[in-house]
Structures are given as C-alpha cells and as structure tokens.
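When the chains are written out, they are named A, B, C and D in that same order, and each has its own residue count from 1.
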C-alpha cells in the first residue's frame, strides 16, 4: 500500500518534471505570435485568413479572440493585443481615454448593417421600412407590427450590447447617436450569431445584423429612402454606397504596423485575403 | 382512511418527483449524446479546428483543457496538502480552526465568474501577464483548493492516533512522523479529492474566458504567457459566433467530449473516495 | 384474574394458563438466503409476561419483530406461516400494517427518544392530537408517565428535552410513548440490555404492573431476569423453539436437556 | 528542531496562510477596484438606470434579476429535490441507492456552458411556445434552467441529510403505528431539517453565482420587469451582466469600477449564504464533494 503510494508519488514527480521540460522545449522553439481580438463581425474573416496565413508562414501564430469592437479597441490601447478588430470607428471617448496610443486603422472590407426581421413578419408583408419607422420601433413608440403595415403582433425588439460595432453604426444612422438608448428594446444580445438565433426562433422580432448573417429565417428589410425609393440590402448596393447603413471593417494597430503584423495585414488586403472577405458575405475592396 | 389516502398520495408524489427528476436528467444526457455523437469521429478528435470551427476537430481544445487542469493540479496539490497537514497536526485552537475552515470553505462558494474577474484584475491588469494559460491554471487551482484540502484533511484524520504515537515512540520527530506516516495517507486522499476538483475545473468557462483562452490560432502554447484554446470556451464561441450550422453541430460534439472527460475525472474521484472510506473502516 | 396486593414485591407468580392473545403457527423467515426462523409454533398468553429467552442469534428479535411486521422493510425479508393476533391473521395481504402496529406496540433495545420535549415524546404517537384540548393532552401525558412511574421524576420539567433524561428514564419514556397509543400487546425487545441494574429493576417492576392491562411479550437473554418476571417462557435456539411452557415447568422440570442446561447457565451448544 | 522540521513547518504554515488569505485577497481586490464607483457614484449605484455612455450605473435591475432567478430556481428545485431525496433515501432499495447517488454526482458535474447550450437551443424555445411569449429568453427560463442545474446537488445533499437520520427513529415511529409518510414527516424530516436547510442554502449560493447558463438565456436587458413579479419577460442578473460586459470595459474606468462593484455585491451575497450554511446548519466535514 505504502509502496504503491510512494511509486505513484514518484510517477507524479516524474510527470511534473517531464511536462516542465516539455514546456521549456516549446519555449525555446517559440514561434512568433500576433494577437488579434475584437469585433465578432470581423472575426470570421480574420479567423479564416489566419488559418490560410499559417499555411504560408508556419512560424507565425495568429491568435484570434472575439469580444466585440469595444474589446478590440480597449485591449489594443492597453497593449494586451497587437491588432484590434472593429466594425465601427473609434469614438471620441476612446481617443481621449488613451491619448498616448496612436490608433492606425486599416480598412479590409465593407459591410452593411441591415435591419432584419423574423421570416414570418417578412412573409406577411413587412419587407421595407423607413429609417424613421425603425427609429420609432427602437424608441418604443411603435410597439405592434400593425402600425408598420404588418400583422397584429407585438414587436420583439432585439438590441445589442452597447459596445458592439454593429450597434454603433446602426444607431448612428437610425437615431443619430452611436450610443443612443433604446427604451423599446426587449432583448439585449451580443454576437451576431446569438441575435440571429433569437430572431429565427421568434416570429415577431426585429434586429440589426451584419449583411453576412441574413438567411431564410432572418430576412433583411429594404430601406425606404426619404425620396420614396427602395434600397435593397444587396452586395451591389453596399458596394456603390447607396445602402444607407454601411460601415468599414477595420483592423487597428498601435502605430504603423511592423513585422508580422504588417505581413498579416498585407495578406488580408491581398487577392487571397479579399476572397475570404467576399466568401464571408462582405464587400471586398476594389 | 384519510390517513391511508394521504399516505398513498404522498407516496405517489415522491414517485412522481423522482420520475420527473430522472426524466429531466435522462433527457439532458440524451440530448447531449444524441447531438454530440453525430459530430464525433476520428478526425474530430485528432484534428485542429478549421474554417471557424465548422470543419476539422477539437484536438488542440482537448490538449488545452488538459494542460490547464494539469498545471492547476500541480499548483493545487502541494498547497492543499500543506494546508490539510497544518489544519490537522498543528492547529489546535478551536476558534482559529473554525475561522480557517470558514475562510477556506468560503472559497468553495465563490462564484466562478468572480474568480475570472479577480484573475482579470490581479494577473492581467496589475501584473500585466496578458492573457495566459498559466494564469488560468492558477485561478483554477485556487478554485478547487477547498475540495482538495477537505479530502486530504479527511484522509489524515482517518489515520488512527496509535500510528502517530507509535511513530513518535520510535523516536521520530514531528515532521518525520508527518512525512512517513501521514503524508502517504493524505496524498491518496488528496488525489481522490483532486480528481473531483478537476472534474469541476475542466468544465468551467467563466473563470478562464477573460484571462486564459483564445478562440483560434494557437495549438500548443509556446510559453507560460500564451493563451490556449479550451473545450468550454470553444463551445461558447461556436454557440455565439459561428455562422455555419456545422459549427453548432461541432459545439455539441465538443460538449459530449467535455462531459466524457468530466465523467472520467469524477468517476476516478468517487472511486478513490469510496476506496478510502472502506480502507479506513477496516 | 387474581391480583397481587399493592405491595410491589417480585414474586414468582403462579398464574393459571390464560387465553392466547398471539398465536404463531408454522412460521419460517428468511433474510436473503439465510433461514432465520424455522417452523415456529408458539402462543403468547393474554395479561401475562411472555418471555422469550435464548442465546444471541437464536432469532428472538426476528420473532417478535414479526408480530408487528417490523421486518417488512428489511431488505431480503421473506416469511411464510401465520401469526394470529386477537384471532386476526396479521400476515395476510389485506392487513393494515399501521393499524396493526397501533395494536401491537414495540419498545426497542436502546431507548430512542425524539429530539423533542418529554411531553411531546409521550404524545408523539397519538393520531388525533389536534382534536384534543391542552388539558386533555396534559392528562394523557400525566396518566402515561404515572403508569411508567416517571411522573414523580419528571413532572416539574415536562418541557425539557427528552435527551436530558437518564437512559433508564428514557427507556421508561419510550414505554410511556408506546402505551399512549393504547396497544393491546406490548413487545419489548431486550429493553433493559443497555441499562444499569437499578434502571433495569425499574423496568422490570413496570412490566409486572403493566401485565394487568396488557399482554406483554418480552425478549431477554438474561436468565435471572426471566426467572424474576416471566409467567410464560419460550426458549429458542438456532432459529427454532426448543421448548415452551410455564416458568415453573421450564425451570424446574424441563422436557429437554438443552433447556435445562441453558436455564442453569451451563455450557450448551446453542 | 531539525532543519527538515523547520522547513516542513514553514511549508505547512505558508500554504495554510496562502489558502486562507486567498478569499480575503479576492475581497480586497474587488473592494479596491470598485472604490471609484462607490466614491463617485455612491447611492446612485442603487438606481435602475444603467448607461455607461452617460456615466449612469444603476445596478438595481441586476440585483432584482438575480433575486428573481434564484427564487424561481429554488422554488422549483427544492420541493422536487427533497421529494426525490425522500424517494432515494426512504423508498429506493439500499443496493440501488449507491448507483443512483453516483449518477447524481456525475450529473452535478455537467459543465454550466452545456446547460447554456441546451437552454438556448431547446428550453427557451419551449418556454416561448408553452407560455405563448414574444421571446423565450426570460427570467423564468433562466430560473427553470438553473433549477434543473442545481437539482442533482440538492437531491444528493438532502439525500445525505435524510440518510444520516439513524434508523432507530424510523423504527420507533413505525412501531407506534405511523404510515410511511407520517414516519417521514414526523420523525425523519424534523431531524434532517437543519441539514436540508444547509443543502438549500448551498444550492442557493450556487444559483446566485451561476454565470454561463444564465447569460445565454436570460435576455440580458437592464430593466426591472413591470410589474416586478412578472417573470415572463427578459431580465438581467449580476452574473450575466458581468459575463457579457466585463471584458469590454477599460481597466481603471468608472465603468469597470461599477462592474467590479457588482461582482463585490454578488460575492457578499454568496458568502453570506454559504457562511450561514457552513456555520449553523451544514457540517462540511461530512462530505468531500460539492
């Protein structure tokens, strides 16, 4: 019994030493790494780009994390990461919070934030709204689809976490303030996927989603412009700038990018990288 | 008659409650197994995650999770053994003992998200470690400390006084008695507690999501200061961020793998505990 | 029915045979594969102290626990045969076990008081307590405590926790609790074995008093005790009844050699 | 004293000190980092409007949400759990009990993120359909999910509590002519009561502190429901707010400080509950797990 325990303790000790040794070995042959974090809208692009990038540059690790645009900007400013992902511009508050940081933005693609509704709403006739109507929905002034030409059903208003880039862009256009409060909101969700799931599960929801997340359960609305014309959420309209709620997808570095960071940004901007942007459902740079 | 009826009703109620409980819990397992088993194959277990979690597997997530808890165990074990020995061999003041118990077991009740926040403040922000798997291990070690201390303490307490006395009578000093007589017993107890602690630690998301893990781009960490990928955070990321339906399928697969790991550890722990109980009865 | 005088002296009573209150016929009991009771046929007489003696492991406890079906919930229990209490076969499926146990009360080897006050313990088994006034309840407590000769000792502290009593007092409290339910038969399973001699004597005297109103079945392995209190004696060994009859018969001219040896506390194979 | 003895004593004293100090260090750090919010925002922290952009940090909606969810979870899990524990301890044959117990302990170990996944994919949809709601992400859904989650813990602990009641009490009660339910109600439950309360409090602490599962199903809107007892609307808990927002806030900002203050409030709640259960009701020396 005692012998056994001694043996097992010895084994444990050996195991410890072995693993420590293993770590040391790894530390010696340490690969360079670029840490990226931020917007979930940009995440799929960067994550896939990082995978393909490693095929060519096996010695560089691109470590990708999500969190939202706010996280990307804050963590970059606190020097926890090398590259931030953002789907909105840097706010004035962020700029004044970090006066010593030199934010350099790199546009890697364009995207539209589309007001989306559950397919049930779309099918029953609500296929286009004015920006004013959407604003009223988020302010809680329109509470039933009937008031927007739809079925007699209460609207489930899906909002996003305040620091999300999608929300900044959307609120800027719809309510004129990036961080506008939305007293009409019923749910506050985070990532695009979470919101997509919630809208698909409901039969009366409205939300804001990046163009890439629109599918048969979650339908994008057309915008009725002040002149009465209808703009559909299509890639062409986003590319030529006629869709009103668009934004740039950004990578942000602290100062001009150097070394591996530079190589990676160049890769995303290359033909290969831009193909990934397009495959992810966004609009490539010309 | 009405007493008899009440008895009947009561008995039916307990059956019903137990049945409902069993059904719910069975359903949980069924959902996870049914959804998970479809994703699992050789490639899933032994390939890296690709295409934003929609393709490939979860090999490095498994490795990352195991790495996290391996080092958590290595940090936790000596600390827990020392605490348990001090508690049973040196600490005789009842009031101090109670205070010590409240402090250590109070740790057991601390919500896991608080550990994450503490790690975020202390390590990531104050010590400027950045997001690092080793910090995650330290936090998980703190989290499971009470479980392991308690197990080791029990094991030491089950050593009959006569062993201690006869060892002392042979001229061994106090520390030698501890090393020769108590430590072996305490270690086996602590290890069974350790497995139970690990079973909990491996499934935790909140303590490590801010401080120790990344979504992708890392296979085996190059140093103590790198992040890792882990199973629970991978499941969270897939559930929250993935566009592809296949990614959700992979999230179920990862869940099944995670539960299997949890089951392995808790079975080892329960088995060890039972063995210890019977051996101390003898 | 003859009565002794008010003097409470322990006197070998020479009571005539009485009607059988409990009749066991052809009883076999198994626990799993172990055959614990074999072909038991005994009868216990009304208003007498029926004493079961025998070495430990002879099946005494199993036998009396069968009379109020306390074994029912023991894992692996299986029984065949009949037991009649007051003419009813209590082994039958249709019997209401809870009601049976109200008629056949039981006191265990170790006193078991509930973590409540003394008076609450006495009233613990009462079913229709809610219908009674406080006065009536107190009356019941008093009556039963007097019956068990506890009243004088505890009347001033009825609301104290029962665990503060001595073990002997606790055991008498348990008996009072059993009597409060008004059973016809009282089963006592070695009630004095965990008590000191003085408390044991008190319980013995109590039994002598109780047999005026109750049928008592009393298990003991203390032969002197049996000699002091028993009217009717059953000697068991190895799961079977070796001999039964009046105390005089078994102590003075037993039929079986084994009985003689055991009751004279000589070495025997039991 | 030999050198090994000295080193040895130093080691055990050191590790005990470290283990015991850990919780104090955690509290200290939370306090230090929430100090800004306490000083600058003061009692405004206990209002109901949360808007970091305007420096409004009212955490009342989160506290209400946490309380509501905990109440729902315990209201469902406790009766069900105790009834099930009565079944496993008093009805189930002893041989089977061990297997059931082991299974329950395994179930208690299912990671919360998996509960979250099930909550999003199945439970919230069912709640939405069953109660004909706008959205299935509600306070009620969170409570229900947590009830399921904490059920194994409550069952095993209550089962232990019942099982520790010595057999003699059951026999004594039975011999007085009690029916099974009367035996349990009058004899077993009163004796097991302190331990069962301990189990409930431990479960309560668990529910209060649970993050991942709640975060995914609760709806995460910082608003006190109207009327406040309406649980079929989305809400927010302290933990879900922390899980969603802590990483987004800049270290050192007032926003961060207010978030940490929420963590502190949560910790104080939970510690209060666990300390009460440890000190007065539940003897932790009896169990190794949970």
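Here is the rule we go by: contacts are C-beta pairs under 8 Å (C-beta built on N, C-alpha and C of every residue); 3 or more make two chains touch, one makes a residue touch a chain.
On a predicted model such as this, the values are computed, not experimentally measured, just so you know.
Enquirer: Can you name the chain whose C-alpha mean lies closest to the mean of all the C-alpha atoms?
Expert: Measuring from the global C-alpha mean, the nearest chain centre belongs to D.
Enquirer: Write down the chain pair with more C-beta contact pairs when A-D is set against B-D.
Expert: The greater number of contacts lies at B-D.
Enquirer: Per the centroid of Cα atoms for each chain, what is the distance between chain A and chain D, given in Å?
Expert: 33
Enquirer: Hey, how far is the Cα centre of chain B from the one of chain D, in Å?
Expert: Chain centres of chain B and chain D, defined by C-alpha means, are spaced 17 Å apart.
Enquirer: Once you find the CA centre of chain B and the CA centre of chain C, what distance in Å lies between them?
Expert: For chain B versus chain C, the centre distance works out to 54 Å.
Enquirer: State, to the nearest whole Å, the distance from the C-alpha centre of chain C to the C-alpha centre of chain D.
Expert: Inter-chain centre distance comes to 50 Å.
Enquirer: Can you pull out the residues of chain B that are in contact with at least two other chains?
Expert: 3-4, 7, 125, 239
Enquirer: Among the residues of chain C, which ones contact at least 2 other chains?
Expert: Where chain C meets two or more other chains at a single residue, that happens at 98, 127.
Enquirer: I need the residues of chain D touching at least two other chains; which ones are they?
Expert: 120, 179, 182, 216, 247, 251
Enquirer: By the document's touch rule, what are all the touching chain pairs in this structure?
Expert: Chains touch in the following pairs: A-B, A-D, B-C, B-D, C-D.
Enquirer: What residues on chain C touch chain B, complex-wise?
Expert: Residues in contact with chain B: 96, 98, 127.
Enquirer: Of all residues in chain B, which touch chain C in the complex?
Expert: Residue list for chain B touching chain C: 3-4, 7.
Enquirer: Contact residues on chain B for chain D in the complex?
Expert: 3-4, 6-7, 10-11, 13-18, 20-21, 24-25, 28-29, 31-32, 78-83, 85-87, 89-91, 99-118, 120-122, 125, 142, 145, 147, 149-151, 154, 173-176, 178-179, 192-193, 196, 199-200, 202-206, 209-210, 232, 235-236, 239, 248, 251-252, 255, 258-259, 262-263, 266-267, 269-270, 273
Enquirer: Inside the complex, what are the residues of chain A that reach chain B?
Expert: Touch list, chain A to chain B: 2, 5-6, 8-9, 16, 19, 23, 26-27, 29-31, 33, 35-36, 40, 43-44, 47-48, 50-51, 54, 61-66, 78, 80, 190-194, 212-213, 280-281.
Enquirer: Using the touch definition up top, name the residues of chain B that touch chain A in the complex.
Expert: Residues 50-52, 70-71, 74, 124-125, 130-131, 184, 187-188, 191, 213-224, 226-227, 237, 239-243.
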